[in-house]
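Structures incoming, each one as structure tokens.
Same chain, two partners: chain A is paired with chain B first, then with chain C.
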Partner chain A sequence: MMGGDKTGRVLLTAYFAVVVLYLFFPILIVAPMSFSDDRFLGFPPESWGLRWYEAYFSDPVWIDATVRSLRVAAVASTLATVLGGLAVVGLERWRTRWRTALTVLFAAPAIVPNVIIALGVFVVAIRLGINDQELTLAAAHGALALPFAVMIIGAAYRQIDPTLERAARVLGAGPVRAFVSATLPSLMPAVVSAFIFSFFVSFDELIVALFVMGGSETLPVRIWNDLRFELNPTIAAISIFFVAITTVAMTLAELLRRRGANQSRV
Partner chain B sequence: MPAADRHSILAAPGLLLLVTFFVVPVGIVFDQGLFDPAFTTAHFERFLARGAYMAVFLNTLRVSVVVAMACLLIGYPVAYFIVRQPPRRRPVLMFLVLVPLWMSILVRTYAWMVVLGREGIVNGLLMTLGITDQPVKLLFTTGAVYVGMVQILLPIMIVTCYSAMTEIDQNLLRAARILGARSGQAFARVFLPLSLEGAVTGTLIVFILSMGFFITPALIGGRRDMMMANLISSQVSQTNWGFAAALAIILLLATVAVLVAARLLTRRLVYAAAKTDTP
Partner chain C sequence: MTDSTEPSGARIRFHNVSKRYGDVAALADFDLEIGAGEFLTLLGPSGSGKTTALNILAGFTEASGGDVRIDGQSILSLPPEKRNVGMVFQSFALFPHMSVFENVAFPLKLRKTPKPVMRDKVAEALDMVRLGDYAGRRPSELSGGQQQRVALARAVVFQPAVLLMDESLSALDLKLREAMRLEIRHLHSRLGSTIVFVTHDQGEALTLSDRIAVMRDGRIAQIDTPDRVYDQPTTRFVAEFIGQTNLFDVTPADGGGVHVADLGVAIPAEGMNGAKAISLRPEKIRALANGSDAPDAGMVVFDGMVDEPLFLGETVQYSVNLPSGRTMQFRENRGEGRAPLRRNDRVRLAFRPHDAVPIVRD
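Then we have the complex of A and B:
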């Protein structure tokens, strides 16, 4: 630590605590409200209960939107993870002068504002007559999540020692078998982590869904349409429900990613 | 290397997805904005002719610059604090910073709506403390947009700064101290120049992400806080696709232009800092 600069250290610690409080502030407020039994939003709640969770789970409109979002996210994240994983292997082993350009291309959807991609996908979908279809949205979300999958799997792939796979080849395994038995196992944590991450990219996405999906709402679209008219406490319950799920899933993804990194280093 | 080149086929499916759902759509946006059906600059003239559209564009730039700077000023010391902790404690502290990032932007914006509303907690607190006797207008203001956007983007800044700072050999600081530098000097002449690159990258990432913001300005900003993404969306819902596309082109080009300019400018800055501090 920086010498005897104790006041500085205390100040910096206090500062850190304030910033973390700011970052957590929304969750800290919404969590108690979601367990309120009052009829209107108020803080702190006067009575406690699960009425807004019940309101969520018993309303077919909310459940429909949730299930649709889950379906779209499942397809989108599968696409992003499988195609992203294949692309990592392909690009890493392919000696070409296009490699830099391709790497940039695979990162680009993460940089270009989503509203631009949304507008383009919307126009393309209308021309092809495939707007208002879950598969179209899932594919578009897959493209949006692809950069993250490539980044996560790529980082793990570059850590892996290629000797093992080469040894498998020398011992007579075919190229696919050698990859599956020698390289894939140490890549698996990153693959799962990429899947979870891509899942939430899709599950959270609003603008593309807003443009592409006419009548059928995804969960973010439903929340969006609801928020513009009233502050519905049901949204507090939904928020906390999914914050809990996301935190568990992302923690898992992070642990897996780390374990993967450690394994391949050993 | 024919054996290695066969692997290129593995990248093909991903490439196909990218081309269909990213390259072609972005191409179509350019086509829609520039051709109708013959080449035209009408949409861009419309943008320039009306002050209201220009105001939205300038507001987008201003908000993005302010948010990026605020994130840098708030986030850099946080990253510094974490990196100066013992290595075993760092992941836990980073975890605290990262958890809010996993909350949907919609949800976080919703929370600010609840907090800053007329009957929200902040107003309740102000009135209980007797600072005001009437609710203050906090929601639907520019300030609310800043508070909301910085909260959303700050973790990204901290992560970027932090990963650059972990690359710095902590022994360099110790060496500077041993050689007689006071702690402030060691920071300013050793740590700061070495971490500048990461800080610049973080600022640019936050800036890019800000330029495309949609949810937060729409839900907690006022009428004059509209950003380009909101304008594009409202033009789409009025089926003015050509004009929406032109706005999208302007947004994309402005983002790229600022990015390139900032890179050129800061590269010089980073080099200058490095030169003066390594005799």
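Then we have the complex of A and C:
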């Protein structure tokens, strides 16, 4: 029995290690490469240094692309969060037989292949003459992120006791005031969480950006174009830099979401 | 709220109110008049329409027909926030992100009460429910009973003329529920507001109310004072829903009374006209000592055999098999001098004719 237990535990640990390795494999390769002092991208690096981090921060083209990506992501995640939040309120309250259909509709951007969406947005943008514009890309990214916002905010919304809002109403608050003072505070952590999540959906999106953006590159587009001409470790440095930032932000979002889930329970 | 110069309770009038969900009538021809300052309980099983009636009064549910007036003013077109009623919910519905103080201050803030007045009123309301020291706490840091009292303070702090309570004690455990009954009674006499209390718990209804409206299938089955609802139920439903009872079908007997086939006895006249059945409360039946006659000549006497004694604390309830095959219950105080009855004991039982309540409708 004991022996069996032990074997089981060893196997389980091994399995866990393999899965973790599988998930982190790209990072395990890229991370050392980013600290390379070599001229070309290679694994493992022959010499070590922060040369490529420096190269990134001192190249206006890279910085320009990064700032553009941040701008687009900010607008896209605002769109996704606001529209997603309103969608949740509508979907949860509006007793209609179209509810299921509407719910599926709001999930559609997560199901339809990005390349199809990219093509569609591209054709429409060309026709309207709004291609190669940050707002166009932000709008497309907002749609891509919308299903996640709806999912995150919806899950939190369903945890909130609907009588809270009734209580606010009967105590003297109008419908909007009741929502803002009774429901929204419990929803806020999820809203922030949805915002951060949407932000990263946009920030590292490549395909739609490739189709829509011409001359003005976002960071993923810049990386893509860079890779096509030369293989230097700058992209490894950028990747690791953003993996670090993303990790911190996502952890923050998850913590907020949990705190919210705990707080809405009385 | 201690300001006695203010008129306190309001009159409430439901006039032929109905509510249909598709083909189902949740409320049908609901007619009810509640006096100013009255404590009225809507009592009934789930689906009887009591919560629908309350939600129509609060403004959460739209009536399909009829009218509701508070002090003569029709309120059906007003949104909940314009009706100026206080409400305590089953789930308490305290705002989790606000402190106890902020929760209680909420209705005052909405009414743009000046800060110093607000502070005084909140303090007074919290003192009234004995939570003066808890103003800074979050609801999640309070026990169920304390949360309930905060919900009460919040519902009355703006001195509404009408206070609604929706199964407000159901979420509490038994001991607390009984303690809260007393508090609510005190509160009622202190505030003077009209209280409409919804519950499925007949014990709550009997102890708290000035009047009880027993509801069934969207209608009022009977409305009366607690003692009359208990002592003089007019329908089988009310007799069985409130307290425990024995129901026997009856047929008209010669000379004006009724005949009870299950007991093999006749009950002489007096108010039995039109009775389809009688209701006999277990505590109204007495067991006679072996072979003796009824202590009172007018009593109706019958025989049975003890089936199952049930120890209830200060009383014992006996299940008795009748010669007709029916089973009935009677209850007596312990230590009445006679040895306790055991299973299969033959027993002679008696009741006063006027304790048999005529039931005229189902």
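By definition in this document, the second predicted complex is superposed on the first by the 252 of 266 C-alpha atoms of A that agree within 3 Å, B and C clash if a C-alpha of one lies under 4 Å from a C-alpha of the other, contacts with A are read in each partner's own complex, and residues count from 1 in each chain.
The rule is short, and it goes like this: a residue touches a chain if its C-beta (ideal position, glycine included) is under 8 Å from a C-beta of that chain, and two chains touch if they have at least 3 such contacts.
Keep in mind it's a predicted model, so treat the numbers as computed, not measured.
Undergrad: Please tell me, clash or fit, for chain B and chain C sharing chain A in the overlay.
TA: fit
Undergrad: Who does A:D204 touch here: chain B (first), chain C (second), both, or neither?
TA: Touch status of A:D204: first partner only.
Undergrad: When the two structures are overlaid on chain A, which partner does A:P185 contact: first (chain B), second (chain C), both, or neither?
TA: A:P185: touches chain C, not chain B.
Undergrad: Counting residues of chain A touched by each partner, does chain B or chain C come out ahead?
TA: B
Undergrad: Considering only the touch criterion stated at the top, classify A:A14 as touching first (chain B), second (chain C), both, or neither.
TA: After superposition on chain A, A:A14 lies in contact with neither partner.
Undergrad: Touch test for A:T163: chain B only (first), chain C only (second), both, or neither?
TA: Second partner only, chain C.
Undergrad: Once the two complexes are aligned on their shared chain, state how close chain B comes to chain C by Cα atoms, in whole Å.
TA: 8
Undergrad: Can you list the residues of chain A that touch chain B in one structure and chain C in the other?
TA: After superposing on chain A, no chain A residue contacts both chain B and chain C.
Undergrad: Which residues of chain B touch chain A once you look at their complex with the stated criterion?
TA: Contact set of chain B toward chain A: 1, 4-5, 7-15, 17-18, 20-29, 32, 74, 77-78, 80-82, 84, 93, 95-100, 102-115, 117, 119-121, 124, 151, 154-155, 173, 177, 183, 186-187, 208, 211-212, 214-215, 219, 228-229, 232-233, 236, 241, 244-245, 248, 251-252, 255.
Undergrad: Could you please specify the touching residues of chain A with respect to chain B in the complex?
TA: Within the complex, chain A contacts chain B at residues 1-3, 5, 8, 12-13, 15-16, 19-20, 22-27, 29-30, 33, 41-43, 79, 82-84, 86-87, 89-91, 93-96, 102, 105-106, 108-109, 111-117, 119-124, 139-140, 142-143, 146, 150, 200, 204, 206-207, 210-211, 220, 223-224, 227-228, 231, 235-236, 239, 242-243, 246-247, 250-251, 254.
Undergrad: Sort out for me which residues of chain A touch chain C in the complex.
TA: 161, 163-164, 166-175, 177-178, 181-182, 185-186, 263-266
Undergrad: Provide the residue numbers of chain C that touch chain A in the complex, in ascending order.
TA: Residues 58-60, 79-81, 83-87, 89-97, 106-107, 110-111, 139-140, 147, 154-155, 158, 164.
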